[in-house]
Amino acid sequence: MSLKEKEKKIKELEEKLQRIKNDPDLIDAVEGKRIEDTITRYKEHTYSSLSAYDRVYLARKSERPHIKEYIANLFDDFIEMHGDRFFKDDQAIVGGIGYFNHLPVTVIGHQKGRNLDDNMKCQFGMASPDGYRKAMRLIKQAEKFNRPIITFVDTPGAYPGIEAEENGIGEAIGQSLMLLSDVTVPVIVFVVGEGGSGGALAISIGDHIAMLENAVYSVLSPEGFASILWKDTKGERVGEACEVMKMTAKDLYEAHIIDEIIPEALGGVHKDPALTYRKIRQVITEQLDALVRVSKKDLLNRRYAKFRKIGDYRG
Amino acid sequence: MDKLLKERRHRLNEFKDYLGKKPASKHVEIPDGIYTKCPQCEGLVLSSHIKENMYVCPKCGRHMYISGHERLEQLFDNGKYKEYWSSMKTNDPLDFPDYDLKLEKAKKRTGMNDGVIVASGRIGHIKTVVVVMDNHFMMASMGTVAGEKITRAIEYATRKKRPLIIFSSSGGARMQEGIFSLMQMGKTCAALKRHMNAGLLYISYLTHPTTGGVTASFALLGDINIAEPGALIGFAGPRVIESTLRQKLPEGFQRSEFLVEHGFVDLIVERNKSRETLITLLHLHS
Amino acid sequence: MDKLLKERRHRLNEFKDYLGKKPASKHVEIPDGIYTKCPQCEGLVLSSHIKENMYVCPKCGRHMYISGHERLEQLFDNGKYKEYWSSMKTNDPLDFPDYDLKLEKAKKRTGMNDGVIVASGRIGHIKTVVVVMDNHFMMASMGTVAGEKITRAIEYATRKKRPLIIFSSSGGARMQEGIFSLMQMGKTCAALKRHMNAGLLYISYLTHPTTGGVTASFALLGDINIAEPGALIGFAGPRVIESTLRQKLPEGFQRSEFLVEHGFVDLIVERNKSRETLITLLHLHS
Amino acid sequence: MSLKEKEKKIKELEEKLQRIKNDPDLIDAVEGKRIEDTITRYKEHTYSSLSAYDRVYLARKSERPHIKEYIANLFDDFIEMHGDRFFKDDQAIVGGIGYFNHLPVTVIGHQKGRNLDDNMKCQFGMASPDGYRKAMRLIKQAEKFNRPIITFVDTPGAYPGIEAEENGIGEAIGQSLMLLSDVTVPVIVFVVGEGGSGGALAISIGDHIAMLENAVYSVLSPEGFASILWKDTKGERVGEACEVMKMTAKDLYEAHIIDEIIPEALGGVHKDPALTYRKIRQVITEQLDALVRVSKKDLLNRRYAKFRKIGDYRG
């Protein structure tokens, strides 16, 4: 049974329990408790044995908090900044300035929409060159004012379209990688949902990379991967692709690609966002505390070494 | 969302088609002494003539596949250069099914351990570090070996204060190494930034086809970006875009000339002018 | 070429029309105690109400003309600020016919010697240098006095390590001072670069209308660009462009919202949120 | 009589003389010489008493050398660079690298066309934001490689159009002014034709500003000026505007806006471009010789002071 089906079953059971509870003729307290425990055990079992494919399903859930919720819950006096100063204000990337505790920080992240209208506006979180150029403008501004940068990554990938190619989506991502690799302020990255391809990487070069428990991060979507490598056009081997790609937080932590896993509530971050916000807040606090003490030179050298060492070769 | 995913899957399938079949130049085998049919003008030309002409069709000017080592021989003074790290091999970090067989096949075909060649030597007397991506080796896709070799090449150029030329040609990130491949984009760009900070010259030389993670990392970041005529250069493949948008792409979309028009390539240089142009540029920056 | 010139002449004539007649807000006089007709919604509002509402129509939100000094009073803590170089006057470098009379008239009307006011004081306790362009003085066009005062303001902010806010509003370069006016664009931008190099904050606050040489110098170079709602902001005037192209301009062309959409303005802030927003931004950068 | 009419008359006389000269029956050597002297005197008189309006007429002549001729005649091994790396390659601005004598330099200038086709391609030398952004890219590149910059100014002004406004023509000009004011390599400016408005100024911030004898440089075209200030829509006061604006090389030299006037052949630079090229070559040689000796700090301070002092005010 897929996680989607299991979740449907859980939902049905919970609704049933609710109906029973609300009808005093049908149940006594003891029996209610027993049913409740059964559901809880089923949930625990379901969510403690998630496959990589299940994580992909969870990572893409539209109920998950989006960038604006993270901003609202983690930062004070946030002011959103708009535009790349060349061409456009790409809604697929949100950026601005606010306080973390009492320290000014720059926040940048992908924006996915919740309804079709929003989805269209922000292209399902797939940014165009103008989005990455907006991000770069804000990164340079953060550097000028010595503000740490915190990014939230949640995108299926960069936008594949005529205008995006015309305006140099490849160039924009490359520039962004180069810029972040050398920016003299601390950069903390949170992969909170889907970390897809170069479009995700473009704002993921940082000093500390944390990933939510059910987030995924990969070179390409598992669908694309199965399709390219196995000519699987019907999606029959997507689950297999998810496993083999090692795209879950746990896989990436073990491969030393990310530094930390942020726990989510049972069933996903959206079941209890506050829990995850608290943990993220703690990570930012700890990291800023450590990173602002490091000299700019050491900061850059460490960041360089962090990415420099990724590889697996011999000879 | 499901529809989006379905579409994405469809797109990527088309992308695969593109990667697997498209680059016609890749499949033009040129055995000595017989005639070769140009994939563009369909003219028949003596294969030895095509080779002498640096694999440019003498009839229509089509720039066909040239092997990495042949390119290097034609580029360096007296064809002399030193190759670095040629024995480097991947450890197959994802333990990916059948990847070892694919690598073995590519090695047999090309005699190389990876599609990236790093070379150093003199071009117009100027010591230069050159990287060539040879797409006969698994589309010269970038995995940890390509990423590591390119990064070492850049670092070597920075350390020795030498100009750097990268001849790009790639299907993008190497899928079989997953996230490790993606990270090579960040690694190479970080190394490039240090080369740039040192005030050194980087010429990016784009050849057919350059797509995906190579386009979106070092390939468009040159102080000077040069392209061979008619090369396909883009992030998303044209078929991916076409099937997403369900409309015909404009004529010449993502070709070298299109990139000049849109401001991303400085100049288009024909292969027989390549060495001469690079010598002028190297001297102007020495 | 003759046709081009004729067309250019025609365009510029239209531009003059625009400069002379357009900015409706300029002509909304607000005598105390009587009703004022909003130029946008045409509603009648008690003039004193409009004044209390910072010259924003309470019915439709139209941002009307507010004098430079009124803006400064509402901006600084307790309305207290020090004005600088208010007595500076132009020497009329081209000895331009009737320019002195025009200046005299503008002075009588506004009590100022030029359309630029330089002030310093505290905003949310933070010492800040503020420039306001008051377009009741010859459209706050930029001649040598405006250029010099703005440059001095920037240099003063740099020297004292203070943030800088410029409220732009201008018809552009002052024609009567010819090339001397043009050069003020370079002068102010050069001063701004030094302020920027010192790591200091510059907020550009664009108000209706900001055009020509002011748009093409310091007005869009803010670390943060803020605009009042509905302000006209552009280099060439809309009528100039319309008559060049002989086609209707898109709805909302060159308005604040258009500039946000095209990536040149960070945020649109209503006048009653102006002080509050600036205090937040100043604190975030202090 | 306007200069245009006078030039027509000169041309007719010269053609007549040529016909006479070619017919041995009609003339003897002495008489030929006398006619020739008369023409020469008339030419000398005409071109030694040019009004400002006449200069505008000469400055706009399409026969004048354009940027590509200056490049071909002054620099060796020139390689043109294309594109702004954001959006487009604007043909109204030409830029590239070449040798001046044996020193690598960056050359940037406006490009006007000679025929209608070229005119359309390069918008009559009226650059769009992409043109100025291309220039800025090349200026930054010149700074990276410590190459002096030489600019050739010849534009009616920046392009007034929808796309130019959408893409921030004002912002692009402002950025260019700011960048050139602070670039750490020598910048030598030649106003060779029409120096119109902000579009000209954008590439005219330099350490040495030279102007061709018949070039003009002004805040706006005289037509625009007369129209705005005097509501002259029929062009009746354009001549007067030319005088009052002080836009000729001589006026600007006297006002200390420019540093040097480059002589042109009698009748304009196009009558003997080699003469002017020689003089430009000499100016570049002298200036580079002096400027490369100056420390970067002094160079920037002097450039700042040069523009800082322009003004005419009291109190």
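We just call them A, B, C and D in the order they show up, numbering each chain from 1.
Note that contacts are C-beta pairs under 8 Å (C-beta built on N, C-alpha and C of every residue); 3 or more make two chains touch, one makes a residue touch a chain.
If you want to know which protein each chain is, UniProt gives these names: A, D = Acetyl-coenzyme A carboxylase carboxyl transferase subunit alpha; B, C = Acetyl-coenzyme A carboxylase carboxyl transferase subunit beta.
From a predicted model like this one, the values you see are computed outputs, not experimental measurements.
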If a chain touches subunit B and subunit C alike, it appears here: A, D
Most distant chain from subunit C by Cα centroid: B
Subunit B and subunit D, separation of their C-alpha mean positions in angstrom: 42
Rounded Å distance between subunit A and subunit D, as computed from the means of their C-alpha atoms: 54
Distance between the centres, which are taken as Cα means, of subunit B and subunit A, whole angstrom: 32
Sites on subunit C at which at least two other chains make contact: 196, 220, 262-264
For subunit D, residues contacting two or more additional chains: 85-87, 166-168, 171
Arrangement of touching chains [line / ring / star / complete / other]: other
Chains touching one another, given as label pairs in label order: A-B, A-C, A-D, B-D, C-D
Interfacial residue positions of subunit D with respect to subunit C in the complex: 60, 62, 124, 156, 158, 160-162, 164-171, 173-175, 177-179, 181-182, 197-198, 201-202, 204-205, 217-221, 223-225, 227-229, 231, 233, 235, 244-247, 252, 255, 257, 303-304, 307-308, 310-315
Subunit A contact footprint on subunit B (complex, rising order): 1, 4-6, 8-13, 15-16, 19, 85, 87-94, 96-97, 113, 144-145, 147-148, 151, 173, 175-187, 189-194, 196-197, 212-213, 215-221, 233-236, 240-241, 244-245, 249-250, 253-254, 258, 262-264
Interface residues, subunit D side, partner subunit A - complex: 85-87, 129, 133, 166-168, 171
Residues of subunit A defined as touching subunit C within the complex: 77, 79-89, 97-99, 104, 130, 134, 141, 144-146
Residue ranges of subunit B in contact with subunit D within the complex: 196, 199, 201, 220, 223-224, 260-267, 277, 280-281, 283-285
